[in-house]
Structures are given as C-alpha cells and as structure tokens.
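As written, the chains take the letters A, B, C, D, E and F, and residue 1 is the first residue of each chain.
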Amino acid sequence: MTLRPWIAAAALAATVLPGMALAQDADVTPPMQDIGYIFTTFMFLVTGFLVFWMAAGFTMLEAGLVRQKNTTMQLMKNMGLFSFAAIMYYLVGYNLMYPGDGWTISGVLGAFGAASLEPVGLADTETDLTYASVGSDFFFQLMFCATTASIVSGALAERIRLWPFFIFVILLTALIYPIQASWKWGGGFLANEDAAGFMMSTFGTIFQDFAGSTVVHSVGGWAALAGALILGPRLGKYARGGKITPFPGANLPLATLGTFILWLGWFGFNGGSQLYMDTAGNVADISRIFANTNTAAAGGAVAALILTQFLYKKPDLTMVLNGALAGLVSITAEPLTPSLGAATLIGAVGGVIVVLTVPMLDRMRIDDVVGAIPVHLFAGIWGTLAVPLTNDAASFPAQIFSILVVGIFVFAISAVIWTILKAMMGIRVGEEAEMNGLDMTELGMEAYPEFSQS
Amino acid sequence: MTLRPWIAAAALAATVLPGMALAQDADVTPPMQDIGYIFTTFMFLVTGFLVFWMAAGFTMLEAGLVRQKNTTMQLMKNMGLFSFAAIMYYLVGYNLMYPGDGWTISGVLGAFGAASLEPVGLADTETDLTYASVGSDFFFQLMFCATTASIVSGALAERIRLWPFFIFVILLTALIYPIQASWKWGGGFLANEDAAGFMMSTFGTIFQDFAGSTVVHSVGGWAALAGALILGPRLGKYARGGKITPFPGANLPLATLGTFILWLGWFGFNGGSQLYMDTAGNVADISRIFANTNTAAAGGAVAALILTQFLYKKPDLTMVLNGALAGLVSITAEPLTPSLGAATLIGAVGGVIVVLTVPMLDRMRIDDVVGAIPVHLFAGIWGTLAVPLTNDAASFPAQIFSILVVGIFVFAISAVIWTILKAMMGIRVGEEAEMNGLDMTELGMEAYPEFSQS
Amino acid sequence: MTLRPWIAAAALAATVLPGMALAQDADVTPPMQDIGYIFTTFMFLVTGFLVFWMAAGFTMLEAGLVRQKNTTMQLMKNMGLFSFAAIMYYLVGYNLMYPGDGWTISGVLGAFGAASLEPVGLADTETDLTYASVGSDFFFQLMFCATTASIVSGALAERIRLWPFFIFVILLTALIYPIQASWKWGGGFLANEDAAGFMMSTFGTIFQDFAGSTVVHSVGGWAALAGALILGPRLGKYARGGKITPFPGANLPLATLGTFILWLGWFGFNGGSQLYMDTAGNVADISRIFANTNTAAAGGAVAALILTQFLYKKPDLTMVLNGALAGLVSITAEPLTPSLGAATLIGAVGGVIVVLTVPMLDRMRIDDVVGAIPVHLFAGIWGTLAVPLTNDAASFPAQIFSILVVGIFVFAISAVIWTILKAMMGIRVGEEAEMNGLDMTELGMEAYPEFSQS
Amino acid sequence: MKLIIATIKPFKLEEVREALTAVGVRGMMVTEIKGFGTQSGHTEVYRGAEYAVNFVPKVKLEIAVASSMADQVVETIQKAANTGKIGDGKIFVLDLQSAVRVRTGETNEDAL
Amino acid sequence: MKLIIATIKPFKLEEVREALTAVGVRGMMVTEIKGFGTQSGHTEVYRGAEYAVNFVPKVKLEIAVASSMADQVVETIQKAANTGKIGDGKIFVLDLQSAVRVRTGETNEDAL
Amino acid sequence: MKLIIATIKPFKLEEVREALTAVGVRGMMVTEIKGFGTQSGHTEVYRGAEYAVNFVPKVKLEIAVASSMADQVVETIQKAANTGKIGDGKIFVLDLQSAVRVRTGETNEDAL
C-alpha cells in the first residue's frame, strides 16, 4: 500500500524523537460503530486461517496413514481438493448456502451466482456494521466447505483414481455441501424459528448444530461411506474367511503432526462459529468454546488410550489420534453450553465410539483407510445427539430428524454420483496399478524415492 | 449458533443491495467498558493457541531426535501427556495455582476443586471487565502446564515405560506444577509485594519471572533431571572407559520443524504473559516482547552455530536447534525490559550454555535424549538470573533464592515420585525390549514400518 | 508480570462469587484514541507471526525437494539464514529501509543505525497513535526481509558451501534488501507521489507493489539467479547432448507441508501489508486480501495440475506445489483491488508460468533445485505487471521501470558479491563432497541416519 | 546342501513364502533389491524433464536347503512367483558347503 | 577361498564385527534383511485387526576369507552372535572361486 | 555359469551398469549395503561426543553369467568402478550350478 513508507517512518520518528509526534487526532480512532465490526471481522480472519490450516492437517494425517507407495497420490488429492473447493465455493457454493432473500426454492435451494465481496475500503456502500465483512465471512465459510471434502479423501485412499475423485469433490463443494448447509446455516427449513415453520411446529425446536458435527463432519462421512461402498475395499484387505490384513500407515510422525494441526485448527472451527466477537459476552463464549474444544479432544484421546490398552493390551497410537479427532467432532455440534466436565465426557464418548467402530467397519468389509467414517460420521452423529443434553434449545426428535434428512440426502446423492462416475469413467485403478502403488502408476512420482522399502 | 444463517445472509444482502442495510444501531457496538476485556480475552485466545501449538513442536522435536525404533512411543507419550495435562489441570491444577482468596495454606498451598468457567454469554453475572474471561485465562494457563510436562518426556525417551510416565505426568500437572506456580503467579509467597512479606523484607524485591524461565522451564527440567538420574542412561550409551556412543536422531527435518513450531509458539508464550492488551502501552509492550523473543532465539541459534563450528570444525544442526530453544528459554524470564541488543545477547548466552552443557551431562553420564535439561533447566536458570540486568524490580538474591526454592521442591518431590514408581511398578523397559525398540515391544507398532533400516 | 496473580485470581473470584465483582471502572477500558492503535498493532503481531511461520515453510519445502544426502545442510541453512536475517535487520536493515527523515541520500539510501523500540509501557513518550507500535512494525517487516533470504537458499541447494552462503545472506538482509525496499516502502524515489518527483513526472504514477511481488519475491529471485549462474549446476544434472537428469526430491510430504505452511503464512504476508486495521474499511480490505490470496493460490495450483496433466499425461505434484506458490507470488503485488475472479485468474497465470519456465531454465542449464526462480522471480514479475489491470493508480511503464531498476540493482550487486566470494573463499563444495552429499562432508550429520537408501 | 537365490516381484512374496512353507522350507533371508533386466523400467517425467527408471523393485530370497529338496524348492518358487509377465525373476542354485546354527552350534542339515 | 554368509540379530552386529576384527578379518558386506525361521515373528493388533508379523529384522554378513581362516571365522561368529535364544541365526559357507580388488586389480587372497 | 558378486562405490553404479550393458550383461540384482574394510569410515562429532563411523555405504551387484563371459564381466566391473582410491570395492566369483527363469521355466544359460 502506498501509504506505508511515510506512516511507518512517522511512527519510528515519533519514538525516536518524541517531540515530533503528531497531535492526537480523534478522527483516526475507529468510529464507535466500527469497533464491533472490526472485532468480529478480525475474529473471522484469525479463526478462518486456523480452519484453513486443517487442510494441512488432513493432508499430513492421511499421508501418514497410507502406505509409502500411495503417498504422493494422497498429497496430490489433498492439494487438489482444497484448490477445487476454493474455486467452486466461490463460483457456486457461497450463494447457494447463504442466499439471503434469494432462495430458488424457499428454505431448500439457495441462490445461484458467484460470490462477490464488498468494494475496496467499503467505498460507496452503506455497510451493515452489526456483523462482519463479507470477505471474512466468505473466507471462513469456504474453509468449512473444504473440510468436508478433505474428509472424503482419507476414506477412499489407496485405490481411487485421481480425476473421478476431483469430479466428486467439485460436485460436493459446489452443490451437495452448500445445499444441505443452507438448510441449517443459510436459514433454511431446518433453522426456521417460525412457530409455524416445519421444525417448530413438528418438534418444538429447530435443528441445533453449532459448528457442524452434522453439517460438515457427518456430511463428509456420508459422502465417504457411499464412496467406500461403491469403490470396494483395497486389494488384499479382506481375505476369504474373514481374515483382515492391516496395512499399517507408513509414517506415524506425519499422522501425529496432522492430528495436532487439526486440533489447533479446531479452535478456529468451533470458536469462529460463535459468529460474533463484539461484546464481552461473545468473547467470553468464544473462550468457553476454546476450553471445551480442547478438553473434548483430550477426553477422546484419553478414552481411546485407555480403551485400546484394555482391549488389546497395547495402546494403539492411530486409535489415540482418531480418538482425539473424534472428541473434537463430538463437541462440534455444541461446544458452548457444556461445562468443562461435560465437554470432556462428550469427547471421551467420541473416543470410545472410534475404538469400537473402526474394527466394526472392517468386519463389515467397508474399507476406510484413515478412520474417517468412525471419526466424522459416527462421532458426528453422537455429537449432534448430545446437544440436547446441555442445550435446552435443542430436542432429540429435531436432532434425529435433521441427522436423517441430511444423511439421506448426502448419502443418496453421493451414491448416485459415484455410481455414474464408475459407469462412465471408472473410479478405481487397475489391479496391477493398485499392487504397485498409485504413486508410480498414476503419477509417476514416488513420495520417498530414495528411501528403500522393507 | 442459531443466529448464524440470518445474520450472514443479512450481511451479504447488505453488500449486494446496499439500500437494504440496517440503520446503524448504537447498541450493537461493544459498550465502552467491554472493549478492553475483548482485547485482552482475544489476545489470550490467540496466544493460547500458539502455546498449544508448542505441544506439536515438542512432539516433532522429540520424534526427530529419538531413534526410529522408539518413535511411535515418543508420539504416544506426547499425545497422552497433553491430554492428561488438560484434564488434570482442569480437575485440580487451575484452582491450586490460582486460589484467589481460597488458599489452603496462605501463599503456599492453593485451593482444591475443579475449574469452572463463566456462564454462557456472561449471563446473570456481574463480571469484572478489567481483565479477561476466565475461559481464556484457563485456556492460556493450561497450555503452560502442559508445556512443563512436554519437557520431561524428551529427556527420558527411549527407555521409560508408558504408564509410569503418564502417572508422573498426572502428578506433575495436577500438583507439582500448580503448587509451585501458585507461589509466583498465583500470588503466593514469592510474589508477595507486602513490605512485611518474606520476600520484600528479606531481599527488597519479589521474585520476577515474566513468562516462566523458572516457573515453567526449569520446573520441567528439574523433574526431567530427577527422572534421568533414577531411570539411568540408555543401554550402550556410556561404555566403560568413558566412551560415549551417540545415538543420532532419526529424522532431523522433524526436529527442525519442531524447533520452528516452538519458536512460533513462544511468541504466544511470552507475549500472552503480558496479561493485558487493553491499552496502547500494553500492546506496545507485547510488541516489544515479540521482537525480543525472536531476536533471543536468533541469538541462541547463531551462538550455537558459531561455537560448534569452532569447537568441532563442523556446525552441529541439533545444537543449533537446541541453541535457538535455549535462547527462547533464556529470554522468557524477562522478555519485556531488555533492548533488542540485550535480548540478542541474553539469547546468545543461552546458546553457549547449551553447547557447553550437553557434553557435560554426557560426561556425568546423565542421559538426556533431546537436550531438555540444558535447554530448559540450565538456560532457564540463566534467564532467571539475567532479569536484574535489565529490570530494576528484580534482585539477584531474590532470583537465586526463588530458583533454589522452586528447584529443591520440584527436584525432591519428583525424585520421591520416580523412586516410588520404580519400586512399585518399575519405570524402565527390559533390556531386550530396549534393544529391539519400544515401538514394537511396548506398542506393537512401528513408526515407519515400510522404511528399511540401515 | 507481577500483576498476574492477583488479577487472575480476581477474575476467577468474580465469576465464582459474582457479588465480589469490582465496580466497573471507566478508566480501565482503553482510551478512545488507543483503540485503533491496539487494533493495528495486534494485527501486525498476528500477521507477523504468520509470516514468521513461512520460514518453517521454506525449510520444509526445501528439505523435501533436495536429495536425502543434502537434507541436513538445507535445514542448517534455513535455521541459520533466518537467525542471521533477524540480527542483521535489527542492526542495519530496519533503519536503512525506513529512514523517515534521515535519508543518507534522499530517496535512495536510508539511515544507518540499529533499530530501537519504544520504551516499556510507552512511558515518557508522546506516541503517535495513528499507526502501530514500532515493535510490531519491526517484527512484521523483519519477517519480509527473512523471506527474501529464504528464497535464495532453495535455488542454490545441494552444492553451495555453508559459510559463503551465510555471508551472502548477511549482506542481502543488511544491505541489498533494505536499500531497494526503501525505494518503495521506505518512501524513496519509486514511491514519491510528488508531481515533481521522478516517477510522477515521468510515468504519471508511482510504483505499486502492495506486499512485494517485486520488493520481496523477485529480489530473492534475482539474487538466486545470480547465484545459480555463478555457482553452476549440480554435478550430473546436465549431461552432454542436452540430457537432463532429474534428481527427485527425497520427501514429498515435507514439501507439501512446506507449501501449506507458506500458503497459511501468506495470509499474514498480504493481509498485514494493508498496514491498518483501525476502521471498518481497513478490516474489510484485509478480508478481501485474505480471500483473494487464497483463491489466487488455488488458481495457481489448479492451473499447474491441469497443465501438467495435459503436457505430461500425469500431473506433477511438485509442479502443483510450485503452482500454488506462484499463484501466491502473483497476487502479492495487488491482493486488494482484484475481484475474486480476477484474483483466481492472476494466480492461474502464475501457475502456468511455473509449469512452462521450470523446464525452460533446465534447457538453459540454470539449475534451480526447488523452482525458486520461476516461482518468485517470474511469477513475481507477472504479478507486478498485473497490477494495472485492476488498480488505476498503477501504470505499466511505472511497473516495468521499477521491475527493471530493482532487478538490475539486485542482480548486479548479487553477482558481484557471489563473484568475490567465489574468488576469495570458494562457494562450492568439492566434487567428491557433492557426490557423497553435503550432509556428511560439510556437517558430518545425516538427516535420516537410520533409513537405508535405495 | 544348496543355497537357492531367487529374485521375485515384491507383491508375490507372501504367496511364495506360503508355498515354500507348505513344502517344508523352514527359513529364509529376504532382501529388498533393485532388479535390472529385460523388464527395464520405464520413462517418467519429473518437473518437465524425462528420465528412465532403469531399476525395478524386486525381492531377493536366499534359502539354504538339503540337496534333496533343492529341485522341489526351485519348482515351488517358479510356480508361485509366476505371473507370465516379463520381470517375474530368476532362481539360482549354488552349492553350499556347510551350515551352522548359531544358537546351538549344530551343523549342516541339522542347522537348517 | 570361502564366502561366509551369516545372518545374526541386529543388536549383535557390533559385537560380531569386533570379534571378527580381532581374528584378522579385514572386510565384510553388511545388509539389513528380514529373516524368516523358527522364531517366526509374533502377533500384533493394528486398529483392532490382529495380524502376524512373520518376518524378524536380521542383519546379513558376507565375508570372503582365505580357506584356511574359514573355520575360525565361523566359530568366531557363532560365539559372538550367540544369545542362546531362538532366532540367533545361521552361518553358511560357500566356495569362492576368485576375488579381485577393484582399486588395484590384485586377485584372490591378495584382494581380501 | 558363474555368480559374480561385486561391491562398489554407490556413485559408480550408473557407470558400471552402462559398461556391463555394453559387454552384453542383460540383468543383475542391486542391493544397498554397508561396507566394512580398509576404508574404515571416519570420525564424527554428534552433540559434542566423538564417534567412529565404521561402515561406508556401498552398493552390491549380483550377476549371473555364462562361464565364458565371467572374466570379461569381472574386468569390465574392475575398470568401470575403479577410482584408484581406497574403498573401490571387491569382485567375487562363485560357481553357479543352475538358473531358472520364473516366467518361462527356461533353465541355465537360457534363463539369463
């Protein structure tokens, strides 16, 4: 910015030569009505970059949990999916999710059209200063959309072809995610507080999902489940006679790093979902959310640690990582109202769910490489169901109904898309390609070319 | 949050159709008295997540500096210790450390009882708005407690059993850390500014430790030292005749990443310890702290780089990493008052200390796998002693006395706990298990199962 | 800080026993005139730590793209260069870049002298509260200087000696970068808005470079290019007859992590360059910048993905990583004025440039190990040229002139320094050392000592 | 006794190992190697530069057996490792003069 | 000359190497391998699924020696590598027809 | 037939491979090994403690050839791998009794 040099120089001079300091000018401080807007907008930028960081977390988690020979592919899918998500959410998703008054079908299908931001400097516009800038809101919401896509990539690793995966991601981030998210967060029918609206008249409460145990995580989980079923398990994973062959992750430090990144990003994910930081009450609420999010993750990790110790005699690191993430997913539907103790327990139940359902999926021969379905779908359902335990504005029937509506919509449409992709272009690499690893056969590039394998 | 859809939509609409913008409503901006509270609270959340991130830094540093065969164990210990610390600090530590008026023994032993946060939205409560939300303070302080535990895990790597380690962590984070921290930061006897109090009447100053060179880092270091002595060195580390066998770290990129993560997190560690961001003076002070923290780390790294070049002809990366961290520990006791030049020098001395004391410990046959004792204990003592050099409110006698009081307390109680654990359940894996690596013997899971070893 | 214990305790007490809450005291909230200063200063601290984080990003990117045997060296160079940059920018660079009124040669050569910060608590000083604290400004600007040095290290990897590299970094960060940066950001001749000044009278506009496509990125690129030419390619890279031997990067997950880190850091890089967050307009602008920065990276990644798919039948992950970075560099010169669509396209062109120029450099036998020259120099030039497309305050002639002035200055002076270093001490390791890897020959330390090589 | 050295495709390892166990082989040494042969690798592009990958990852087995078993072992490997595609590998037989079991000091066929 | 191939437990490598140096062995080749034998691995659980680890990490030594030294070398290895537990390894002796030192072109025992 | 085992410096691998191809060798097995010999490593300092690196990274080639070609192959390796410095490596020749091509079942020289 062109003003930089002089002002910076002035600031320096002011210190070095205090006598030179400019007289205080009352016009420089923000006008009173800007302050809340600045607080909330900046909060979205900070929490938004934390959620962005989760994309790196998923990438590292997945790169650590696949086998060496499929690592480059996993990296490529994660870089690609975030980039496609960013572009599709801008072109289609944002207005579909937040149509304001422009619903195509009221409360069900939002508006079509690319997102556009405020003019530079808010020039020539009367801005509503009670919330935050559209730019910051767009930035923040975009990251949620990308998160949904990240969830899918882990479950389908080590066998899916690159472009069919990207095509699915494009449809997921442009259409599936935004449409269902509009029902709740865009003010659609699941969030309609009119006494005469469907939710209130039927259940007496609307659907409550603070930061997206259902709207984000279970959606990713349903899409992944549909994909995993249609794609089939990895070669050699399930032998006749029920024998399950584990394919241990190649690089557990990366997987652990990914988990820590996700944990960090989640403070933004849940904290930013408070949506306001313009009063003491709001910032105190964000603080509650940070503390609860942290303790739920700890609860999930400890639960998985203790449970795997008891079940298998040796604690399982990958389960502890999944347990922490399940704790985070579990608290996401309601990170505000629980006490620290309740949050810890809600997270711990998430950890238990993961430890019990990972082998269950294996027994069902549903091959989920990184545990995405237990973590995001099962713990997401649990988290959504747990809301009424601490929040009176939620009810079990409304929660169950919403879980089902969202689940059926996402699972069905995902299944249709995967089936069409399978029929039209094939979604799975060939047998020999899968044996030799996707890195060489699909991308011609090894992730660790100089490290010898054993 | 249920308000999300409509407000977000409104914000969008406001931009797209500026004519629709709501009239400015004075009630929406934060009330004047909220502003400082929002600033300080949000500052704690941001610096708190930075300190959280240090948990990932320790994990990567340690995972990079142990041998391949003990890597999963190190990851497990770090995930576990953070989770246990989070839960114990909530259940016991926080009120023990910050008893307010509820001291069990005045100035020495705080209050017992689990932490509880403000009600949602600060409803029905008259909140003191001069500081920050309890939630943010709890979140921030919790991270310091976890840091202390992280320090211990590195020193004892590659031979300690999992559960005895966790039991120690639980006692450290529930009791040892909070009790001694209450003496200084909880307003206990080391911080009592009454002229009649012990410190003022004896030394004329209280104990000064801005962000915890002593209260956090040396405490972790003392606990680690007690553990290292009782646990003994790794098999084969020290041969008869004084021969020392180095066990080079298996993955230096991870160790370097860990160092950068810690460096980043330290801005939060020191910066947040300003405790207020409600005035220009406070935010300018936080800026000073950020700049000083950075330059001290740089000083420590450069000192270690040059010194190892001279001593060993080839600079030693692991020493440079340790040097940067030692610089950070050194400036932690007083990151505010030094000039940039003084901060650089304080950090550089820290770097020198590390380079000289790492081999010293080896000569004493105290086996500290990652250099935690030189970095956190020795540089922590140096940093604490350096406070009076730039801060008139500190005095050498008061600093030395406090270092000793804290050191003796922590070392003695840690030694007792380690000894009891050793007697009761054994703290060390068997010889063959240690030879074959803790990953397979304790956890049955290799960190890099497909990479062959040489 | 000594006030910590009692206030924290009070805050706790206030919640637990609301009756005890202190009466609201109007003096505690920030004085009105402090608010904008706090906002902008805190913004610099947050964006500054994000830019700091880029140092880790470069380190991981480069450590992932070199061969195993040169990894420790690359880690060492990155730790060292950041540390040297921090110290040199403090000692020399900052005042050379921001001389205020103290130009040695007006508009061309700034002031000499070490940086100094405001007094603690802004005591006894009349501070200009219209901008931000010097500490935060220094912290933020320092990170840009270090970034410039990071760029050089990647291009010259795998063959340059340690100390000649550090000497160059010292000169670059103390002199070359600050001097040319002063021309634009220090208010020098490229930024002189006087109608009578050279730029306005010649071109009708000044030079526009919002966050440094030219001032930072191309400067790093020019210095790297001069170094690469004088240093020569790695042994075996270019055989007679034009055959090019690729040396695949040893650890692509690290390279991908590095890219994500850089992407995250770039929000701070571009966002903080708004320089003010004291009004709704400014914070909305920062939001635009965040959104545009993100979409430009996505555009660059997608462009590289699609283009390498078409050109080589298999998409190239390393190109996609470079493409995302090129998108970021491209938008850096003007992240504010473009619409989301324009930003995406500007980034996409950056991605295309990288895919086309990486092999071009190879054909010219200029060996740039990580693609630093295409990413930072070529995309930096493109980004600078693209400013007039969306910003009326810029003109092509002024942009081209400034690119040339900066380029010639940096390239020439870098070439001279490299040549002198080559003549005086040699800049390249011996042939056998290069064959065996710099890690063992220069540092005696392998990055992955236990992993066997294939 | 004979020392049988076989190089096979990595993904056949488990199958070959099971087949050998079935015919009574009780031990072997397994090494990851890079094989060079008619199946001479392939061309890849890295950052726009083409290059040939000359080596193909293979697994090498070394098995000491009583001379009487040698033919059967060779045959078993040949069958189990066969895919009919280029690069399936080779089996070499060398004469083994003596063998010792470290644990007990037993020698020759008792050591296997 | 003889080529002695021995497979031992990895943590015994240093001890064996020192013992061999003591009896005059001046060179060897060392390879990380996966051993399969009576010490047939163990069962682990990964994410709730049990699986058998059939291979055990071993180290393989290859040492060319003059025929006269062969017995002593075998004995030395057997002693140094011995722990008395299953999986201690094997020592195989093959006949070596000729040897060449690359640097000088010296042949046979001069090359060792 | 003969089995030629050679250990060379890693950076010579490509050169040796090309020289062997030129004299008609169509296949080989390549293994990364650690070599121990006169070129006995070096001393390094890690965190202030000195230690000897006894092993030097080497590459091992195993090549089965018709007896008639053996001498030429040995000579070719010796020339191509030679740098004249200590640690250039060794070439060993063993007698190979039989060879089988897994893909076709061809035996002996047809299998090579």
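By our rule, a residue touches a chain if its C-beta (ideal position, glycine included) is under 8 Å from a C-beta of that chain, and two chains touch if they have at least 3 such contacts.
All values reported here derive from a predicted model rather than from experimental measurement.
*Asks:* What's the minimum number of touch steps needed to get from chain B to chain E?
*Replies:* The fewest touching-chain steps linking chain B to chain E number 1.
*Asks:* Of the pairs B-F and D-F, which shows more C-beta pairs in contact?
*Replies:* Answer by contact count: D-F.
*Asks:* List the interface residue numbers of chain B and of chain C, divide the shared ones by all numbers used, and answer same when the ratio is over half, different when under half.
*Replies:* Shared-number fraction below one half, so different.
*Asks:* What is the distance, in whole Å, between the centres of chain C and chain F, each centre taken as the mean of its C-alpha atoms?
*Replies:* 47
*Asks:* Calculate how many whole Å lie between the centre of chain C and the centre of chain D, each centre taken as the average of the chain's C-alpha atoms.
*Replies:* Centres of chain C and chain D (C-alpha means) sit 52 Å apart.
*Asks:* At least two other chains touched by the same residue of chain F: list those residues.
*Replies:* 31-32, 34, 44-46, 94-95
*Asks:* Could you check chain C for residues that touch two or more other chains and list them?
*Replies:* In chain C, 34-35, 46, 116-118, 127, 129, 132-134, 248, 251, 257, 314, 316, 318, 444-445, 448, 451-454 touch at least two other chains.
*Asks:* Dump the list of chain pairs that touch, please.
*Replies:* Taking the chains two at a time, the touching pairs are A-B, A-C, A-D, A-E, B-C, B-E, B-F, C-D, C-F, D-E, D-F, E-F.
*Asks:* Can you check the complex and tell me which residues of chain E touch chain D?
*Replies:* It comes out as residues 2, 5-8, 31-38, 54-55, 58, 60, 74, 77-78, 81-95.
*Asks:* Quick check: in the complex, which residue numbers of chain A touch chain B?
*Replies:* Residue list for chain A touching chain B: 32-36, 39, 43, 46, 50, 67-68, 95, 98-101, 116-118, 125-134, 137, 141, 182, 184-188, 191, 193, 206, 208, 210, 248-253, 256-257, 259-261, 263-264, 267, 271, 273-275, 277-288, 290-291, 294-295, 297-299, 301-302, 305, 314-318, 320-321, 324, 336-337, 339-341, 344, 393, 448, 451-454.
*Asks:* Using the touch definition from the top, list the residues of chain C that touch chain F in their complex.
*Replies:* Residues in contact with chain F: 435-436, 444-445, 452-454.
*Asks:* Which positions of chain F touch chain C when the two form their complex?
*Replies:* These residues of chain F touch chain C: 11, 32, 44-46, 57.
*Asks:* Within their complex, state which residues of chain B touch chain F.
*Replies:* 244-246, 248, 311-312, 314, 316, 318-319, 355, 358-359, 362, 371, 454
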